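Please find the structures below.
Two complexes follow with chain A in common, the first pairing it with chain B and the second with chain C.
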Partner chain A sequence: MIEFTPRKIQSSFWAILSPIISIAITILIGSLIFKILSYPVIESLYQVFVSPFSRPDRIADIFVKACPLIIIGLGLIFCFKANIWNIGAEGQFILGALCAGSFALLFPETKTYMLLFSMFIIGFAGGAIWASIPAILKVRLNVNEILVSLMLVYVAMLFIDFIVRGPLRDPMSFGFPLSKVYPDGAIISKVDFPFIGYLGQFHYGIFIILILCPLIWFFINKTLPGFQIKIFGSSTRASEFAGFNKNKITFYVLLVSGGLSGVAGVIEVSANMGRLQPEVSFGYGFTAIIVAFLGRLNPYGVVIAGIIIATAKLGADNAQMVLGIPKVVTGIFEGMLLFFLLASETIQKYKISIRKDN
Partner chain B sequence: MYKNFLKIITFLCILVSPFLYTSAYAKTKVGFVYLTTPGDHGWTYAHELGKQMVKKEFGNDVEISIVENVPEGPDATRVIRELAKQGNQIIFTTSFGYMEPTLKVAKEFPNVKFEHMTGYKRTKNVATGNIRFYEGRYVQGVVAGLMTKTNKIGYIGAYPISEVIMGINAFAQGLRSVNKKATISVIWANTWYDPVKEADAAKVHIAEGADILAQHTDSPAMLQIAEKNGALGFGQSTDMGAFAPKAQLFASVNNWGPYYIKKIKQLKDGKWNTGDGPDHWAGNTWGGLSTNMLTLSNFSNMPTDVAKKAQAAHDGIKSGKLKIFAGPLKTNDGKEIIGAGKTLDDGALWGMNYYLEGVTGKVPK
Partner chain C sequence: MTNNLDSMTFIEVKNLSKTFDQFLANDSISMNIKKGKIHALLGENGAGKSTLVKCLYGVVKPTAGQILINNNHVIINNPREARSYGIGMVFQHFSLFPALTVSENILISLDEKITKKNLEDKISITAKQWGLPIEPTKKVLDLSVGEQQRVEIIRCLLQNPKLLIMDEPTSVLSPQEINQLFKVLRKLANSGCSILYISHKLNEIKQIASKVTILRSGKVISSTDTSKISTTSMAEKMIGKKVKKITKISKNNFLNSSTAISINNLNRKKLSQFGTELKKISFNVKYGEILGIAGVAGNGQVELMNALSGETLGDPDEIIFEDKKIGNTNIKFRRSLGLEFVPEERNGHATVPDITLTENTFLTFYNTYLKNSNFLDDILLSSNMSSNDSKSIINDNDVRCPYSNPLADQLSGGNLQKFIVGRSLKANPKVLIISQPTWGVDIGAASEIRSKLLELAKLGKAIILISQDLDEIYEISNNICVINNGSLSTPKKTSKISATDIGILMGIN
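Then we have the complex of A and B:
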């Protein structure tokens, strides 16, 4: 009989070390898989984990790929800290992109800076409204937020599908479901680095992380609402005794998380696609859940985690290009990483002993 | 003098030889971008088979890199750019959604050749290729018309775009050439690939009495449902007989290999060009049965006289004697499109937003 006893004191040393250990085990087992499939191990690992850093434009593209993951992940910190399970960031991302995109397409005459600014506000609102549905249901009727937020992802997908197929379809798109291209003012431009020029698709939207990350760190760690969220997450009863408003916390964490997902959607579509299409998100909302946990629900950790996951994704492409390793093989890495992370977290939180039954 | 001359010649030879060597024996680096993992059926698998034909044709003269599972967004731009940076000289991007990413990267690499499959925007170094899928559907219509007992044909469409609609209309033309009583009803799956949705649509068709099913979606799900329910149907993109040995009548097979080989040869000979096809949707290469870009798998599960008629239709289209969209053509609500003696041109096919006679219902707006 295996027994889990909670550890009284949790060492912060192990809390930091456990993601590193899980990455190490992932690499170890990964090499084993490469070996079994008879791919060159060192070369494969190099392609997956190192090659994305081997050129300035490749590094820039890591940030492009990580940007939506990090922004969504930062929002999810609020929810997961409060023990509220927002699984529907994907849907909130889509709604944010859709609302902001619709605005840009319907009011292209808006002054340049006002247009982008309003898109951010509207995108945030769009994501927040989408997240408010599970929030309201949770608060009013105590409906499980996991189910509602997840199901709303599919509603959001069908909704954007309908919009780009119908009302916002570009009449010049030969019947294909694509919106018109955004007006110039609605596009987040690529960064033109001095002396170097453009690097990959590195765009100005990425800089928002520099603002968001410390801001959220400060909010969570240094303010009363942040404190309330943490207490609420670790012990609902304690927070009730302290007189914190349970419903308010539930509602606001979902709203902020949804809003940030929406902002991620605005940036992603405006910077990289420049128009609405049926598919604007490629699982970012789900991958960001891994990112949030891999980053230990710490804003700076989330940034690092986002970069790691993005690296592995880019590395997977490179590995296939150079060595012909199928994506399914490299795709295992992501799953292993989360698995080992959760496993090491369990070991870190619980003492595991084997008890003999009589 | 003579000595010096010999020396100079020898020296020149040594100097030039590496260039001669490279130009004569250099490997051509070829890149492919796939929408999904190739698997064993459907759209991307057809491209994979094309790639294998390239490999077989050129052997060690080509070095092929592929990237599968590339979503039609910013990732596509990055992957295509990366392939270009790694020195691939010709890059095949094999899904419609890669159009803008391909054009974007092509601008940055004017010396790399890009081949975008089934798009319509071209530049100096971006060529486009497409297949006349509808030709196979005419033959399907002929077989369906001869094989149906209930006179109801169930058709599963992906999206109501002209590409799919011209396929339905071609099917209807084939159907009505042998059976004026049969009708086609269409269910839109709103996806190119979703086995669950495709299976559901097939079940609905069968429940409504259809005994022949056709699809413009990508999975073998429809055929598998047909097999279970004793109905018959047609495979898509690749031969799907293995999935439904008793249900597949034949499959229209997308045969990209010859096109790929042709374009790579052109590149090797320094003669690559974007062609001068008419500037409409089809792309400058729009090949069908006559160029072997579309082939039909073996006729099965049908009597020999039906197979003979199907073969005749196939041969007719291939030789150009049989015109699929020859007048008089009428829409299914009675509007005349063209009179007798005329034929729809390619441009008109890409403008199709109506059903011809033989199809029930209306094109969704």
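Then we have the complex of A and C:
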């Protein structure tokens, strides 16, 4: 018989090991799926997990892909730590990109980076406003934030589609639903590494993570609001007993999370697209949920998790190109990873021992 | 003697041990329960009572030792098997679904198949037979706690048990209900059913049980006839040292002082579907006074505590502290005025289980720490302050920690409670509002907490004590009132209100 005894002390050993185990099991079952679908197993695994590291420019592209995932994931830490379930980061991402993009297009020919700077603020506000809708409904009317934030994703998708096909369509786009190209001052340029030159699409926006990550770590672990968020998430009644304002916390975590998703949207469009188009996100907002949990709601963990997921995504692209494996395979991998990760929390919380029955 | 089995023994436990990890919860326990006898199991929290009982009921499996029923070896793998051997159990915390009726609740737990109609008839018959009046079609949420306990007992009786295990059955009952329960238990015993009665209330054990087994740190300390042992020596055997007598302060110079806090026509909605609405609650507490609020659990104590602490708000003049109207102010503000609160729930309300004691100190002190300081540099400073304060709370109140600065849920119930009370005292409150301070706390810690409360009153502080434990209320209160179904009786002097009066005020006959 298998026996579960609650651990008295949280095992930090297992806290680190359990994501690794989850990844290992995911790979194992993934190979099984490749086998069943009769793809060459080793070759497939190589394409998915190793090929993204095979060239410097490919490695650089991992960071490009990971950038929006990490920034959104960092924002989601706030919500998830407080037990507020923001599932609508995708919509907040889109709104951030849309607001900042519309603003940029008001100032054609602008070269100064003041424009980009304002776009960050406007993008943050756009995402935050979108997240404030579930926040207000939750605080005022106790409406479930999961449903509202999720449904607003589809509203956001249709909204940007309408804007790009209608008011903001470039008359010179030959009927394609594309906006005009951003002015120079709104473009995040690629990094020209000394002696190496450009590496893939590696751009300056990625460096924002270097600032955000320690900042958020400090905020969560060392400040009173960070403490309040943690306490609110782990025990609502105790946080009320301490006198923390429940509504304020709910409101602000959603705002910050939405705002950071918006910033991710600004960076993604300004660095990689240079104009608005109907599709600005490719499920980043949803994938970032997995990234946040895979990173154990720790800012540094989120960075690592973002890189792992981005690797798998790029690997799946390669696998499709080289072996013709459908890209949806990554979806399966992501799903399995989250599943095993949540399951492996059991190992962290309980000591499992096998006992012989008499 | 235990090895010499006779036909009068129903169940015998031989050298039973149970370890969790390295912790020895039961250390080769031997005892036997005779047929048709009421056998008490006495011990402090953590003495191993519940582990032993869980072994008997098949919830946990013993690591070593044997269980014999009617002189035959048995291995009890799960509660269903325990029931098939004729063992029934009434847990301290009932496992009933509030939204279902009595018969539906019983139906889902029965091992045999039976139609609802037949079951209802059966319940009525059993209820009548044993003097446990209950309406099978009533929903559990409409039942009082005493009635819910009857449902649990009937559920066991339907299986014709040979042994009924009762875990702290009186902790939620009024004096009258306790008498009624004892009648039922005696009747059951006379019919040949053995009863294992778990309690830490010595008087009750003396009153109802014929034999008592005392456990301490997992071992049997004594097993004897209740007629041959005094309550004092039971208590000493249970805690392993002499019990400190609490002496009530006869002279309290503050008692004629001014009113500290007055509550006027306070109304609050129920907190949950199964909560209780507070109706026009009014009382005053003077400095130096301890007001005891007695009552059976679930009669509005939680709502009252939340209203007093400011976790639920109302009109300003519902609560007046000195001359300030504070009925609409939050807990933070009330703390800053010198009110302190100790809610009933230790884990998850008074403290957060998975953070350290230092952080838990910070939890209620942060406002004081950060009051006169600016943002960033004081976070580190205040963590120093909370670390110092938490250390002094631990030292001053004899809180025993497994190592320095542990997580809150690594303390035993009694030690955590000492910490929580100590934290409130550290804030040097003018008024302390404390709910169920010694619930589930071992005798030693309980008497320490009560002495602290008396000391505090002696210093001229006002105390509102909400408690289910009548002995405790009598022991330290100056005035007593009773909360029943959300209404509060007029406070009376402790010497002028008898347990019977209180029982009547509790609204149960």
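Criterion: the second predicted complex is superposed on the first by the 331 of 358 C-alpha atoms of A that agree within 3 Å, B and C clash if a C-alpha of one lies under 4 Å from a C-alpha of the other, contacts with A are read in each partner's own complex, and residues count from 1 in each chain.
What we mean here is this: a contact is a pair of C-beta atoms (placed from the backbone, for glycine too) under 8 Å apart; a residue touches a chain by one contact, two chains touch by 3 or more.
Source: prediction; values computed, not measured.
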Partner chain in contact with A:N318 - chain B first, chain C second, else both or neither: first
Which superposed partner A:S234 touches (first chain B, second chain C, both, neither): second
Touching partner for A:K327 - first (chain B), second (chain C), both, neither: first
Which of chain B and chain C A:L224 touches, first, second, both or neither: second
Partner chain in contact with A:P194 - chain B first, chain C second, else both or neither: neither
Partner chain(s) touched by A:N272 [first = chain B, second = chain C, both, neither]: first
Touched partner set for A:P171, first chain B, second chain C, both or neither: neither
Contacting residues of chain B [partner chain A, same complex]: 31, 37, 65-75, 77-79, 81-83, 86, 96-97, 120, 159-163, 190, 281, 350, 353
Chain A to chain B touching residues, read off their complex: 58, 61, 64-65, 161, 165, 174-177, 200-201, 268, 272-273, 277, 279-280, 282, 314, 317-318, 320-322, 324, 326-328
Of all residues in chain A, those that touch chain C in their complex: 5, 8-10, 222-224, 227, 230-231, 234-235, 237-238, 240-243, 351, 358
Chain A contact footprint on chain C (complex, rising order): 20-21, 75, 309-311, 330-332, 335, 341, 343, 345, 348-355, 359, 362-364, 366-367, 370, 376, 379-380, 407, 410
